[in-house]
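Next come two complexes built around chain A: one with chain B, the other with chain C.
Then we have the complex of A and B:
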């Protein structure tokens, strides 16, 4: 049984070698929302991030809540030059991230991004990002500064169509 | 464009009398990710189903972040503890859970995540998110045990496969 036109795979990248940046480009505007699913690890502890449409201006902000098992808290950042992604402080530790890009092709609104971050031995976390741009999202570049995404890490971008 | 994908693999509904565990076996390896949607309740109040969720019979360390309406907290355990609603708290209420298992056919350890609510019109309600690392090979079975109680009648589980091609 299929549940309607949901979770249409747009592109997937399973890394055959370690790289510092993974990019999805030429994203079609034919869906309502995007979902990016990641599972994998990095070669050294780092805070990963992503940019949209190559924008490195101070147009990103975020608010997050987390639980580490011993403490719970919340934080935020404004006027960032990239969007915060998975916090990965330990080399080779497996993480999962599920990110929803809401109304990504709407050219009248800024883009809200909802994220579930899952560092399996680090924290359970939820995050909201904002990209202050009315451009349709056509590319996503995910970076692991001062590290690499490890071989075998998998990124899949899905399109979610309106019902 | 690839075909739409979110395919129901199997479903299960608990009958009268309840059962001590629910789950699925012989999960096909034809998808990329698994998504389990559960409406679930235990006969035991505030059941945490300690070590109760397994993949291929294995569980692992977990971290949970929760809010009760009066505060937020976090817990860490050694074995995939997922809280479900106790039917003794409010009859007829069931916890709702989404449990996501990415890249489930991989030989690598699995980092699974869940989003759940146990709202029951009382102060014992709980909204929580969690993550667990389970070291196992390709996932062919999953099981959720009720710990000291039973999963009660009308508990339902739907297992979906999501494909990236």
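Then we have the complex of A and C:
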């Protein structure tokens, strides 16, 4: 077996001003997985989302589980034009999210994305997203519809390499 | 990366680039499929192990399950699952630890998972394994948390074998083993 350093920061964006969309582009295809770490908030309650490679076709779906503090539940969305990211119903409430884009550069398979989400005022949850595309992921655009990502929100993209 | 107006890029330094998370071995299944994959001769120099898997099984509805050191002692598996409409929890006693035990989709929809094996060289306590795994099938699928216990306290982990409950892992399925210091 061989060993080497594998958990590599690709880029960090810490917002100096509020924006509605944060984009990571020109993502290298040299890793096995990507991990996106988010901590931050939005200016108004919204359901955030992301698109991959600018694809706005109905190629996204997800299955999720959540605990709201008083109950647990599960749901899903199908044939969506973007990928469900974090439900952020309260303005300025801090959320965290760690998202794993598995085998993101494999051009033979659809992409499964695993996510752990925590909201300071709403819920803890996890979800599996599917992007029905065999393209390698080269860009990720995270949007807060009818709102902005607040100043100070931070997004860091890491690459995980394989042996 | 392309610069974004209004966004400051900051640099990260520290443990993430200093070999504290290391790739040990990766297996990608070839065109013939694989009935199991094995990581053997696992170094004893890390504190924890992590497996990252992404793949498909030829027979729908099966599982990703793991055998430790080629043996089949008593193991326990607890799970919490969301199936898109409701939640389920349960526990199973078996001779392997399930990493994912539900949908395990068709060839078009990969099942992905991240498994942490904690303190795998400690010979004074049983080994605990935890996994977040899921598979979405655009109208089907599950997301699942699991916790596994391998009752064999006196033995350190030197090999891991992952197999589907039935069928084979199909081409392009990948399994990567990492060591955490």
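Operating definition for what follows: the second predicted complex is superposed on the first by the 158 of 163 C-alpha atoms of A that agree within 3 Å, B and C clash if a C-alpha of one lies under 4 Å from a C-alpha of the other, contacts with A are read in each partner's own complex, and residues count from 1 in each chain.
Quick note on the criterion: contacts are C-beta pairs under 8 Å (C-beta built on N, C-alpha and C of every residue); 3 or more make two chains touch, one makes a residue touch a chain.
From a predicted model like this one, the values you see are computed outputs, not experimental measurements.
When the two structures are aligned on the shared chain, A:9 is found in touch with chain B and with chain C. When the two structures are aligned on the shared chain, A:156 is found in touch with chain B and with chain C. When the shared chain is aligned, no partner comes close enough to touch A:44: not chain B, not chain C. Among chain B and chain C, the chain that touches a larger number of residues in chain A is C. In the overlay built on the shared chain, the residue A:64 is in contact with chain C alone; chain B does not reach it.
Judged by the touch definition given at the top, the superposed model places A:96 against chain B, while chain C stays out of reach. Contacts of A:119 after superposition: chain B is touched, whereas chain C is not reached. Once the two complexes are overlaid on the shared chain, A:26 sits against chain C while remaining clear of chain B.
By the touch criterion stated above, A:127 is placed in contact with chain C alone, chain B being left untouched.
Overlaid on A, the two complexes show chain B and chain C touching the same residues of chain A, namely 1-9, 12, 65-66, 72, 116, 126, 156, 158, 161. For chain A in complex with chain C, the residues that touch the partner chain are 1-17, 19, 22-27, 32-33, 61-66, 72-76, 78-79, 100, 102-103, 106, 108-114, 116, 126-130, 132, 156, 158, 160-163.
Chain contact summary for the complex, chain B toward chain A: residues 1-8, 32-33, 60-61, 63-66, 72-76, 100, 102-103, 106, 108-113, 115, 129-133, 160, 162-165. Note for the complex: chain A touches chain B at residues 1-9, 12, 37-39, 65-72, 94-96, 98, 116, 118-126, 152, 154, 156, 158, 161.
Put simply, chain C touches chain A in their complex at residues 1-2, 4, 6-12, 16-26, 41-43, 52, 54, 56, 80-87, 108-114, 132-143, 145, 171-172, 174, 176-179.
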